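Some structures to go through are shown next.
Here come two complexes built around subunit A, the first alongside subunit B, the second alongside subunit C.
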Partner chain A sequence: MKRVFSVVLLLVTVLMLGGCYDYSEPDEKAWILALGLDKGRQNVLTVTAVIAIPKAIAGGGGGEPAAGGAGGGTFFTVSMETPTLLSFLELLDAVVDRRADMSQTKWLVFSRELAEDIGIGKYFGPITRFPQFRRSVHVIICEGRAEDFLEQGKPILEDNVGKYYELLMRGWRYTEFIPFDTFHFLHLKSNTVGVAPVAPLAALNRKEPVYEDNTPKPKGAYQAGRLPRRGGGEIELMGGAAFKEGRMVGTLDGDQVGVQKMFFGTLKRTILDVPDPEHPGFFIIVDVTPRYNPRVDVRIGEDGLPEISVEVGLEGTIMSIQSGEEYETPDRLPVLEQAVERAYLEDINRTVAKSQELGADFLGLGLHAKKLFHTWPQWVAYDWNAKYPDATITVSVDYRVRRVGLIHETVPLK
Partner chain B sequence: MSHLKPVVGVSEGITLLFIFISSKVFLAHVTFILHDGMNASWVIPIINTLIGLLGVLLLVAVLNGHPGKDLVEIGEELAGPYINTLFSLFYLAVFVIGAGFTLRFISERVVAGFLPDTPISMVTLSFLVGTVTVAYLGLEAVARTARFLVVVLVVSTLALVLLTIPFWQGHVFYPLLGGGVWEVLRGALTTTGTYVQILLLGIIYPFLPQGKARLVGVWGVLIAGFFFTIMVLVPILIFSFPTVTEMALPTFEMARIINIGRFGQRMEVVFLPIWVFANMIFMAVSLYAGAAVLARLFKLGDYRPFVLAVTVFTTVTAFIPLNSAQASYWNHAYLSRYSFYALVLIMLALLLAARLRGKGGAKNEKGV
Partner chain C sequence: MFSWLKTLSKFIMYQKPQPAPSVFESGIEDRPLEEGEKAKAKAKAGGNGGSDTDSNDSGQANQDQHQLRDGEQNSRKNGSRKRNSRRGKQRNAAIQEKYSDKVAENQDIDQILNQKVELSYRLEENKQVLEKLFRVPENKDAVFRSLSIGTEPPAQAMLVFIDGITNAQVQNLAVLQPLMLLSGARDIRQNRKGDTPAEAGVFLQGQECPRLGADSGGGEPVNKETSPFLDFFDRVKQAVLPNNQVAEGRTYDQVVYDVLNGNSALFIEGYNQALLLETKGWHFRSVSPPQVEAVIRGPQEGFTEMLRVNTTLVRKIIHRPSLVTEFVKVGDAAPMQCAVMYMADIANPDLVKEVKRRLESIRADYAHQAGLVEQMIEDNPLHMVPQVLTTERPDRVASNVLEGKVAVLVGGNPFVMIMPCTFFNLMQSPEDAYVRWPFGAFMRLIRYAGLFLALLLPAHYVAIVAYHQEFIPTDLLMAITGAREKVPFPSIVEVLIMEAAFELIREAGVRIPGTIGTTLGIVGALILGQAAVAANIVSPILIIVVAVTALGSFAIPNYSFSLSIRLLRFVYILLASLSGLLGILVGVFIHVGVMSTVKSFGVPFLAPAAPVTRKGRDYFLRGPVWQQETRPDYLDPLKTKRQPQISRGWLNGGDGKGGKERL
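After this line comes the complex of A and B, so read on.
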């Protein structure tokens, strides 16, 4: 009996060695690296896929630049009119010889028009349910049409467009202007009472001038699509799109995104151009890093509205003093520190005002307010989102200079 | 069942029991707990563990009165053949329903997540071939397989937890009481079925070293409780309430979210053995225990003729639900909610019968 059983078992096992139903070769797949969604022209949606050309990537691109829709480089794009996001996947098989696969998708790009008019909440379903998508995918809102954005957004330094997308998004570590939220955090914040999500804002390089004069403008006042520049890649990422109940309700500039990141502990460092308090027209340039996460104290006032006080602790390095004024000495440092505090406080107050104006608590102050409630139903019944726009919010900033750079004291120019 | 000398050591017994109880953390079980306690649901496994410990003590009290006999034999002696048949059918149902719904659920998950083009019958067959073989080889094979794989399971599970630390969020603990004290308590009291699998102790009791049943039971439940609590708490820390309630398999999503630079992604394949091993051990134990119950019920000395019969029952049970959602809902409704109370009632009835007949009950762990 044992021998018969063993033989049967062996036969069954041998059958399985011959391969399985899900046999698939990586070189028989069309790897979709980014997806773009626009309002449709002939159907509900225009969905665009950026598909890698692996042989071109492996061969170093053959000296040719990565190409858009016309092909010839390391990727090509396909746009189709579809009723839903996932129906595009099947339609793609009618056009592309290899079976389309989204498991390597890095970016999900929504046009601003779609995000504002229809919202992106209804597209969360496929991402959370369909196994090929991952929560680490970046959701990006682009100015103009996503199909143009993806077709023209060619990498310069990379042959691999997937790597280009990843490295571009990794800029959140080096600059305050790019929000950190992946789909994972975007989704959580969309589902949670007391916080609102912010997605990165992107655009293609705007060829014509953005501003008419050369008056000073803080660099953080820029946002994607309004970044005065020549050269570089076509894609620019700067600023954010604020969401409320799955719908885009406004944009944040670079500085506002920096403040938002500071409240979530994802701001690593930034460079601040501060007007010199003693020399109008000159700037002091300092490096700013958070000393601790903002200390938020919330209490409910007698009128039932939140009263919030925020204490922000920063520190940093003097990078440049254009005027040559000797702020580096211990007795003069407070003058500089106070100037930085004023400048940063202005940014924070502007961001807080924006969040209250939009009615979207993208600073996550509600997450601190939750502590005041004993149970979840009590917290939900308080209706934070309705009360937040009328909350009283006071902010204080404490900046300390820790280092003065390589200069001990400034010698004025003669 | 063909011999009564101890063949399962203490560590093997603890391993067997804790894996048998806690393997369900890798299924949808966690999601059901999250609905009652909301963000404070992590308290529910702690309360459940305390209740499970009481259950173990009760079970050991019954078993210690009858050294060398398992629960089916004790029932036969104390409650008589007719009532004991009902008791034994309950034990059998716990093993068969548990194995059946687990088989269906893991097969569906494999199809949904990894092998979308493979027929579910092939996936089911793969799981069955391995588990039937181990179950057929007997308790020693099951226990030693479990003991051998437990290191992989524990290390992988702890690694899975540690690698998700960057995603933990402290605010999820607030509001501290979650759905409220009564809701959390109600959640705990309506999911005590989590520990109905302590029943295994009653089946393997004759094979444990004498006097060690309480030790095996208590440590089995405590370790299972630790993993239950971790596997409810960590998904809450990562995904926060209410998003965490959306997930069919929170532990699977934990593995999917790990992201260590450009190359440290798609880690779910690395952690796949946890789900496969844990659930295959659960099924092998269930098939063995189900066969052992039937063998005792029919007063046969050898369990092996019943392994295939229990496998057929299990497979049929697996395909009664129309879909994977129904399988997980039914598993929760029929096993995870109130089945523990039925087991407790049986234990109390047996203790009462022992007291009335003047048998067992008062003896200590060594049966003296």
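After this line comes the complex of A and C, so read on.
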């Protein structure tokens, strides 16, 4: 009895001393779903927080569903001028009655201006150290100011703006245009020699026309802010922002992001419009999935510059042949496959050229070169980033048609 | 000062078990094994036992009995001196003084029983003593029926019984009628040997001459060569009374006990013995479907309040002569019959001995129900878990007895205790075995999930909502937060309110009279459901939590175990409110740790998982029945194999008798 009593007493004491300190109700917290960082007007930074209004999302205590509508009223934004990100949290408590909490944050939005001029590297510190942040946060680069972006970026289908952010980003799984670098990977890539990160590029809907004529352009030629469209949500997410040494150095269009994703295994599938080799003005549409990760072979040439050969293996399904030309027969298939390879090769070459031009190895080719060096100092001394722009890179693409879709024999229109 | 630290460390640290004489004697390995003391104890026990048998053998019991009782009291006093002295103070001296004559009278009467005073030869004296014992004429239950046995000349006799618990018809037809009307009709000697009636007269003269005892009465007028009977008394017993169970009583104690059990005692003038006749006939509930442990497939009969019916129900299933039913008298002031059932060729004799030892040692006024006996014989009364498996299903008792366990049936209670019992037994239902094994295994999984939910779901709700909001998907968090906006209490208060309300409804549901039972449903549904939410007392999500918790606790098949889960749930809720998931983790750690120290009749409660022993296919999930070849290892049965390796003989295309291996 004495023994049991002493154990219970000890337990209660321990729990009393250590416990209850963190007890907090969810309705006593302000849930920040996104944070935006801009260059400040009156201070270093303008930080914007998107704070959810749970009762509008969940409905009142009576269990009534939310009123719906254009997502209006389910969140509000607060922008403040602060020297650093974390001091904003303190300031926020002066304006919002509930204690701000960032454990549910989905997006960390940097304005392009801030990312290009100051860089985002120095704002990573608090995120890696501060326990409330989670590393699955997505870092987004937006055109224009982040405060406008977040304030106007209202969901249409969702009540919960957090879900809106999540689902928008989830497009990386089924399109090639949205890069998948969560904060975790972004941070790792930033800290590693031989690879550079790419963050998703976002923008508000552009009101005036982007292009002046209607010449054919591949669909992946667009990027956020230059998407010719009418209607839809305010936010568009497409293309990427390439970083070098923590600073944004350039943008990638949708196709380039697709190539970048292929090198990291995050490209699940994409649809490619290939100009018909025998019927100009017609497209062949194929479905493309990677067959294996790109095989990269790096050699250091006699001039000390890297010589890189890349072998890309793809496969896929014929989705549509506009011209009605019969490409499905075994002897005709190579025609189609070569057309796809040519189109893809062009994309890859364009991307490689872009990365060499920016001097940012966002394809991660340096990771394959690293193994040629026996020690870390040797690798650092080699200075990959300096040599990479002058590297010789040859790419070969191998595409195989595996399936022809539901029609196995094309009959031309009569 | 740091003694608690020491005790704590002792508690935490593993102690190497000492070799024990009987593994089922619980806690024996925790006791210090000092040779001197042990030998002393053994000697003492032996001495006591010896004196007991001596006193029984020699007729002059009084002196020895006194000594024995004193000795027992002394030994008890040594065991718990403190408690005894306290009891002494509580004695009500004033009342005892006031009614000192009454007390003395009661003591005198008790002496007759305790000292096992033998019956008298005189019928009148027997009657007087019995009247004193039964407090006649105040007591109207005891009936003394005088009669004369219809022989020539008539013999005076007396039938003693308690009205209401005997079967009047049996008494009339099988006792009184043959005695009074037919006793002379069939003199076996006449029929067989053609003896003259005169000799019968001589035979009857025997009653005039007092005998010392049945064995010494051989020299009496009864001619052994010609008569199959020893004397008149024997003849009545052997030839006159067509009663299925007849015993002889020699002491008042014996007679009184039998009469109280519904038998009738027949006294005959001139004999210091009584015939105890089976005339039990009280009213009891007939065998009906089990109330608590219902199954869909399987026998639909449960135990009743009749001990004899219950033993029959088990024997009906196990047709083996080795199924032993032993009767043990339990209790002091009002002793009660307990039946101990086991397979003599399977159960470990140590286990049987230990069960009987514990039952016999019980001293209590009222230990007439299984629940009371359970509390008297369990190993660790301070622990939450039941250490005895209670069931009202004969088939479950049968299967457990065949595993090598021991069943204790308590008179007047439809619940049978099975021991030893482990955690996994408590989570099983007979249904598991009666459906095909994948479904049996699935049902068990569901039940374990129910256990987890009943014990930990509200605690997890509190912990996650109050401490770990980052666990919650944003949408759900928004739903929880939005629903809580107007609730004025913290989550922990909210949970406690709802859990308390639910416990209240459950308790009220058990106690509520059946005729107004439906009201409870309405009230419960309104309070727990809509109204509480509409009034913003609790959030709707919590209703789901409480409802699922309730369902989980109803899925636990053992009522007693489910009670302990109900109680521990609140402990976990408090732990969660103090330090979140860490608190729950600490709680589970201690809970499982404590549970692993519990023993049921020497068998660790978590066996065979902790300590790890050989496992059958039927401890956590349910395996195919043809794979269950061994009996539980922790029972240490005399036969470990339950069925041969190939239990489905037809697989070999053989004679259907299975493999050559026979059990």
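By our rule, the second predicted complex is superposed on the first by the 385 of 414 C-alpha atoms of A that agree within 3 Å, B and C clash if a C-alpha of one lies under 4 Å from a C-alpha of the other, contacts with A are read in each partner's own complex, and residues count from 1 in each chain.
Heads up, the rule we're going with is that a contact is a pair of C-beta atoms (placed from the backbone, for glycine too) under 8 Å apart; a residue touches a chain by one contact, two chains touch by 3 or more.
These figures come from a predicted structure and were not determined experimentally.
Trainee: Now for A:Ala58: first (subunit B), second (subunit C), both, or neither, which partner does it touch?
Mentor: second
Trainee: Determine, for the superposed model, which of the two partners subunit B and subunit C contacts more residues of subunit A.
Mentor: C
Trainee: Examine A:Pro228 and indicate which partner it touches, taking first as subunit B and second as subunit C; both and neither are also allowed.
Mentor: Once the two structures are laid over each other on A, A:Pro228 reaches no partner at all.
Trainee: Could you say whether A:Val4 touches subunit B, subunit C, both of them, or neither, answering first, second, both or neither?
Mentor: Once the two structures are laid over each other on A, A:Val4 reaches subunit C alone.
Trainee: Looking at A:His184 after the superposition, I want to know if it touches subunit B, subunit C, both of them or none. Which is it: first, second, both, neither?
Mentor: In the superposition, A:His184 touches subunit B alone.
Trainee: Should A:Asp101 be classified as contacting the first partner (subunit B), the second (subunit C), both, or neither?
Mentor: Touch status of A:Asp101: second partner only.
Trainee: Is A:Asp22 touching anything from subunit B or subunit C once the two structures are fitted on A? First, second, both or neither.
Mentor: After superposing on A, A:Asp22 lies in contact with both subunit B and subunit C.
Trainee: Does the superposition put A:Gly324 against subunit B (first), subunit C (second), both, or neither?
Mentor: Once the two structures are laid over each other on A, A:Gly324 reaches no partner at all.
Trainee: Thinking of the overlay built on chain A, is A:Pro377 touched by subunit B (first), by subunit C (second), by both, or by neither?
Mentor: It touches subunit B, and subunit C stays clear.
Trainee: Return first, second, both or neither, reflecting whether A:Gly301 touches subunit B, subunit C, both chains, or no partner chain.
Mentor: A:Gly301: touches no partner chain.
Trainee: Do subunit B and subunit C land on any of the same subunit A residues, and which?
Mentor: Comparing the two interfaces on subunit A, one with subunit B and one with subunit C, the shared residues are 9, 16, 20, 22, 103, 134, 163, 166.
Trainee: Tell me, which parts of subunit A touch subunit C in their complex?
Mentor: On the subunit A side, the touching residues are 1-4, 6-7, 9-11, 15-16, 18-20, 22-27, 29, 31, 33, 52, 54-63, 101, 103-104, 106, 132, 134, 160, 162-163, 166.
Trainee: Please name which positions on subunit C make contact with subunit A in the complex.
Mentor: Contacts found on subunit C: 4, 7-8, 10-11, 382, 465-467, 469-470, 472, 474-475, 477-487, 490-492, 533-534, 536, 539-540, 575, 577-580, 583, 586, 590.
Trainee: For the complex, give me every residue of subunit B touching subunit A.
Mentor: 38-39, 112-119, 122, 125-126, 129, 133, 136, 167, 171, 174-180, 183, 239-243, 246, 253, 256-257, 259, 262, 265-266
Trainee: Would you tell me which residues of subunit A are touching subunit B in their complex?
Mentor: Listed in rising order, the residues of subunit A that touch subunit B are 5, 9, 12-13, 16, 20-22, 103, 128, 131, 134-136, 163, 166, 184, 187-188, 191-192, 367-368, 370-371, 373-379.
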